[in-house]
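Below you will find the structure I want to go over with you.
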Amino acid sequence: MPPTPPNSPSSSEARFEHRVRVQYVDTDQGGVVHHAAYLRFMEQARVELLRHRGVDYRLFEIERRRAIPVAEIRVRYQLPCRFDDELVVECWVGVINRAKLRFDYRIRRGDAVTTTAEITCACVDLDRERIVSMDPLLREAFE
Amino acid sequence: MPPTPPNSPSSSEARFEHRVRVQYVDTDQGGVVHHAAYLRFMEQARVELLRHRGVDYRLFEIERRRAIPVAEIRVRYQLPCRFDDELVVECWVGVINRAKLRFDYRIRRGDAVTTTAEITCACVDLDRERIVSMDPLLREAFE
Amino acid sequence: MPPTPPNSPSSSEARFEHRVRVQYVDTDQGGVVHHAAYLRFMEQARVELLRHRGVDYRLFEIERRRAIPVAEIRVRYQLPCRFDDELVVECWVGVINRAKLRFDYRIRRGDAVTTTAEITCACVDLDRERIVSMDPLLREAFE
Amino acid sequence: MPPTPPNSPSSSEARFEHRVRVQYVDTDQGGVVHHAAYLRFMEQARVELLRHRGVDYRLFEIERRRAIPVAEIRVRYQLPCRFDDELVVECWVGVINRAKLRFDYRIRRGDAVTTTAEITCACVDLDRERIVSMDPLLREAFE
């Protein structure tokens, strides 16, 4: 069986689609979406993917006193996006283990892939302010 | 004696000057600075004015468990600003009393006034999550 | 007939409702939505209100070579909003004449009004880079 | 001679230091700097490094009708930063050739490295809206 190409979710992974409309504030004087704005689109998709899998991230922080801050990001900007574009942010979990939770992304405008990315999160205990093993609630949601 | 015109600090008020350089991310596809970016410039000037008057706002929140969230803003955009412009954000306290602390602003590029604003803050108790009288530390700093 | 109270659209005005979900990036260390984030929510609602009235703002800039930059803003923050809140941004045109187009706002979370605002736009000619009379297309859309 | 470790500028490279003060708006409800804010700090450092090497990026876009949009980013968040932290953004050119210009970063708070990153830019012709060879002005500035 050929290996799954990067940024293509395998059949066993749930690919989640989150739609965003590019806003005026997301653009810069180059006439395209500023590179930092995509992190916003991807954060939003991440929260919705979690909700879709039964994890309310707001309650996760409040009740479990844990958070999943971003530890590493990698983004490739392949095609520029513009004001008022309707983008589909495909998001799935590429890796989950004790140490990390990696969300993989493919952003499309129609059939064209504009952006691919991997956003790796750690798990921290908000009261002790230190890194802990990935919360079991998240492991159950994605394994 | 004629009244002090709005957005001109009277002689008894300390006018503070904070310099900012417009960044690329602050612009939008209209080729000018996005209107929301000015709130960032003004927040920065506010924190520096407080420091100049002896109030470390970071410690203010930590030690006194109080914050001064924005309750009302009014901004008039008179001239557009552009990428890499060097702006002078003039900031002074226009009103301070038990109920509020109003920071007044005049943003200049060279001699030209580009923007004027009033940002009114309330005082909240972070533990009780409710509005309280303006913290005496702030009243002493500006009266 | 009693006058329409401020920030209540009169019966002849079309009140438009745009829904937004507060994102993590919109919050600050005070645990609430940063005051600048509301300008983003309102800009988004403005673009959708225009679309609802038949004006595609992206094409408006491209085809008519005109823009409606923000000339003045006034926002009153009445209740704090938080991460993951679902907000309803009510938006309507409060004033339109040759000189300006004023969008009025009332942001609600459920039945509670959290924020009210007026955002006044001018009309500029993008090629000549100067203020012009309000574009007839906009006047027709809202009169 | 041992190889230069990643994110350590070799002696032949000019390491540029740009200082930033973390603003309130850069924080999120986790009480730390939001991951997207670092892209802002790094963009600012990039523009100042260019200026230091004799390239005024504003004029570069206007006179040469070229831009260097971000094509790929990689950021590792090692330690959280907080409101009012004074950060030193070390920036140098790690790679420059016909195809790309890679800016490397190490962000420090005092002696502690908080963040490392590589931001790769392409060169585009603004009138033809297509990727071109890296502008000779930039190659001369960094070779």
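The letters A, B, C and D name the chains in turn, as written, and every chain counts its residues from 1.
Here, a residue touches a chain if its C-beta (ideal position, glycine included) is under 8 Å from a C-beta of that chain, and two chains touch if they have at least 3 such contacts.
These numbers come from a predicted model, not from an experiment.
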| item | value |
| --- | --- |
| Relative to chain D, chain with the most remote C-alpha centre | C |
| Between A-B and B-C, the pair with more C-beta contacts | B-C |
| Between chain B and chain C, centroid-to-centroid distance (C-alpha), Å | 23 |
| Between chain A and chain C, centroid-to-centroid distance (C-alpha), Å | 29 |
| Inter-centroid spacing, chain B versus chain A (mean Cα positions, whole Å) | 35 |
| Overlap residues in chain B, where contacts from two or more other chains coincide | 24-25, 30, 32, 36, 39-40, 43, 82-83 |
| List of chain C residues in touch with chain A within their complex | 21, 23-25, 39-40, 43-44, 47, 56-58, 82-84 |
| Residues on chain B engaged by chain C in the complex (per definition of touch) | 30, 32, 35-36, 39-40, 43, 67, 69-77, 80, 126 |
| Complex contact set, residues of chain D against chain C | 24-25, 27-32, 34, 36, 82-83 |
